[in-house]
Amino acid sequence: MDGTSRRTYLKGTAAGAATLGLAGCLGFGGSGEDTIQIGSDIPYPPFEYREADGTLVGFDVDIAAAVFGEQLEMTPEFNQTAFDGIISALNNGNFRVIMSAMTINDTRAEKVDFSDPYFTAYQTIVVPQNSDVTTKEDLRGATIGVQKGTTGSTAAAELKEEFGGDLDIKQYDLIADAFNAILNNQVDAIINDNTVNAQYISQNEDQLRFVEGDGAAVEQGKNAPPYLTLTVEEYGIAFRQDDDDLREQVNEALATIRENGTYDEIYNEYFEG
Amino acid sequence: MSDPQLVFDGVNKYFGENHVLKDIDLDVEDGEVVVVVGPSGSGKSTLLRCTNRLEEIQSGEIRLEGVSLTDPETDINLLRQRIGMVFQSFNLFPHKTALQNVTLAPRKVKGIAADDAEQTARDLLQRVGLEQKADSYPHQLSGGQQQRVAIARALAMRPHVMLFDEVTSALDPELVGEVLSVMRDLADEGMTMLVVTHEMGFAREVGDRIVLMADGEKVEEAQPEEFFENPETDRAKQFLSKFLEV
Amino acid sequence: MADAFSETDPQTNTGLLTDRNVRLAGQVVAVVFAAAVLYLLYRIASLVDLGLLETIFPRFVDAYLLVLFIFVVGGVLSVILGVFVGLGRISRSTLTRGVTVGYVEFFRGTPLLFQLIVIYYGIPTLFGGPDFPIQNWEIPAAILGLTLNHGAYIGEAIRGGINSVPDGQMEAARSLGMSYIGAMREVVLPQAWRNALPAMGNDQVILIKDTSLLTVIAVPELLSQFRDVYSTTFDPWTPILLVAVAYLCLTLPLSYVVTYFERRASPGGDNE
């Protein structure tokens, strides 16, 4: 089952703190057989993706196991959903929550309610190794690849406005498709979350690199990676607007795993320092 | 003495296991009208279709004016220009007018200019009595009219030999006469004709020689008088008796 | 002898399904369906945001023109390819026939979506990857995929059309000394074309709708525009209306064009 092996591992190391947390936020009759459907756009490494043998892994997957699995004693089940329709799918009842490296913003907050932030991310730019692009301005007249419905897509649209329309944007269903495109000389650059970009770059170090420089993160005084950042964003778990009870429980669970070190453990597994 | 115009030399044909033409020897002289009669399944239509290679023979030879039809070296398209064929089901091109039916092959095969082809076509249509119908489409013509256009179409290529495959069998009785009349005129003008038909009256009056076929074999061959008055073989007598029974 | 035609006899062999009842039932269903549609349209009308409509209209016009372009080019190419495929299918050469059959079986037997993905993502990898020479490969890939796929269907339609032309037509043409190609071109194909037109017209309408699949290879066609608008505004019905109208503005004119060709190609019509 998805996440089972990780659950066992985490249980072993966080048993003590988990028991305390359980006492506080248990409200479901505690049978451990409640399945919770989680909508997610897979693959989006390193947040949710499948290994070669089909096992679902990733930061979101592990957080879900810790929050829903351990803390709330439910069985998380991830449902593959296209990202650009994922909020509508949530509101149509296809699943209970969204965990898909989803950025909290005002437009989305009109349709869903978010948990407390559980991750900070930045929109960064990926280019081929031999590209001439070293600053944001160099992207004038270039072709950008983005994933449909993401904040990367929005950032690209804003960039296009900034350039007075002098930017070509190609929208892909999956972020993997966009990376395929950059490796096939179909786009000059990709705008997307930094950690996901880092994952793909690490698998293609000879071909791809970040655009370096200071950007939004530095401006806002955040602990940013050394790449050009266009925005600073925070991920949240999305709930239907009438699901306040569950949302509050999840917020408590998030707080708990931050305090007891589970969060840091999971974080360190996927992100160095 | 030169070869007759059309020669069938030991022709054999099989449809699978079926031996449909058995060792056929037949000569057709220049200007002769040879009428082939016989019961259904006797192979007479097949013989005709082998003459312009719509069907292939397995052994023997067919020669037109000394040129072997079955030789792989022979340009069959060229040879077919010298052989005109008229079909039982007319086979006019439905998407073209009568005039266009007649001018198509001269223009596309022989490269004759449109005006010349049209003039020839109108002459031919007049000859078969249909100059008024030049711009009609086949579906607007009666069966007899369509068949006459088909004859004009075949004549447009100026063939040396004309093949007629039961050309009146699909016509209403009243329309048969007009077609046979055209064929008679053609014979009088000296065209070499190989005619498969059930029309005994025509065979008797227009034919120079009658050939009776049965079960793939040539059973009897004679001048019309002898054939109809004094048939030699039993098979011929049997065949003719059926016609007299009406 | 019993009177078999008494008017008071019940209709024993049809029961409830009398002609009159069946007709009535059809009318009832039609009315219910129409009422449901009208009600839906009324509800939808109140949800349409005219301001948004105005804003997004230009991009839908661009998408419409793009789909029209892809359809015209792909349509023409697929018909041309289809003629060759149809002829290849009936070739007397086993090699030609075999290759053609293989082509048709593959492109009819695998999903168009799969074919598009292979062409768009697979071909550049074979030919240089980052050095692949064509930067905006999605449009050529779209046209190539649609042409190859629909060429197979058109080929079968034309083969059917050719087969329904009586053998006597080819025989008559060849008896006049015409070559195989000449006979095909002048006599058989014009008739086959007429026979195949309904099937071909059908296929071209499907081609228009197949352009919606191009959204997965990053072609900014109609469906892509809808997804983009919907994911940023969460207003479905306004863009849905535009998409529906746009597709109808492609398929309905096509139907008229096909009907026009059918009428022109019928016997007695001027075909040259």
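Some notes on this structure:
Note that the chains are named A, B and C in the order they appear, and that numbering of residues resets to 1 at the start of each chain.
One rule holds for everything that comes next: a contact is a pair of C-beta atoms (placed from the backbone, for glycine too) under 8 Å apart; a residue touches a chain by one contact, two chains touch by 3 or more.
Predicted model, so just to flag it, every value in this text is computed and none were measured.
Chain C has the C-alpha centroid lying closest to the overall centroid of all protein C-alpha atoms shown.
Chain centre most remote from that of chain C: B (centre = mean of CA atoms).
Centre-to-centre, using mean CA coordinates, chain A is 84 Å away from chain B.
Each chain gets a centre from the mean of its Cα atoms; for chain B and chain C, those two points are 46 Å apart. The distance from the centre of chain A to the centre of chain C, each centre being the mean of the chain's C-alpha atoms, comes to 40 Å. Residue numbers of chain B whose C-beta contacts span two or more other chains: none are found.
Contact residues of chain B toward chain C in the complex are 52, 54, 77-78, 80-81, 83-85, 87, 89, 91-96, 100, 104-105, 108-109, 137-140, 150, 153-154, 157.
Residue ranges of chain C in contact with chain A, taken from their complex: 121, 124-125, 128-133, 135-138, 215-216, 218, 220, 224, 227-228, 230-232, 234, 236. Against chain C, the residues of chain A that register as touching in their complex are 84-85, 87-88, 107, 110-111, 128, 143, 145, 148-149, 153-154, 170-173, 177, 180-181, 183-186, 207. For chain C in complex with chain B, the touching residues are 166, 168-169, 171-179, 182, 186-187, 190-191, 194, 265, 267-268, 271-272.
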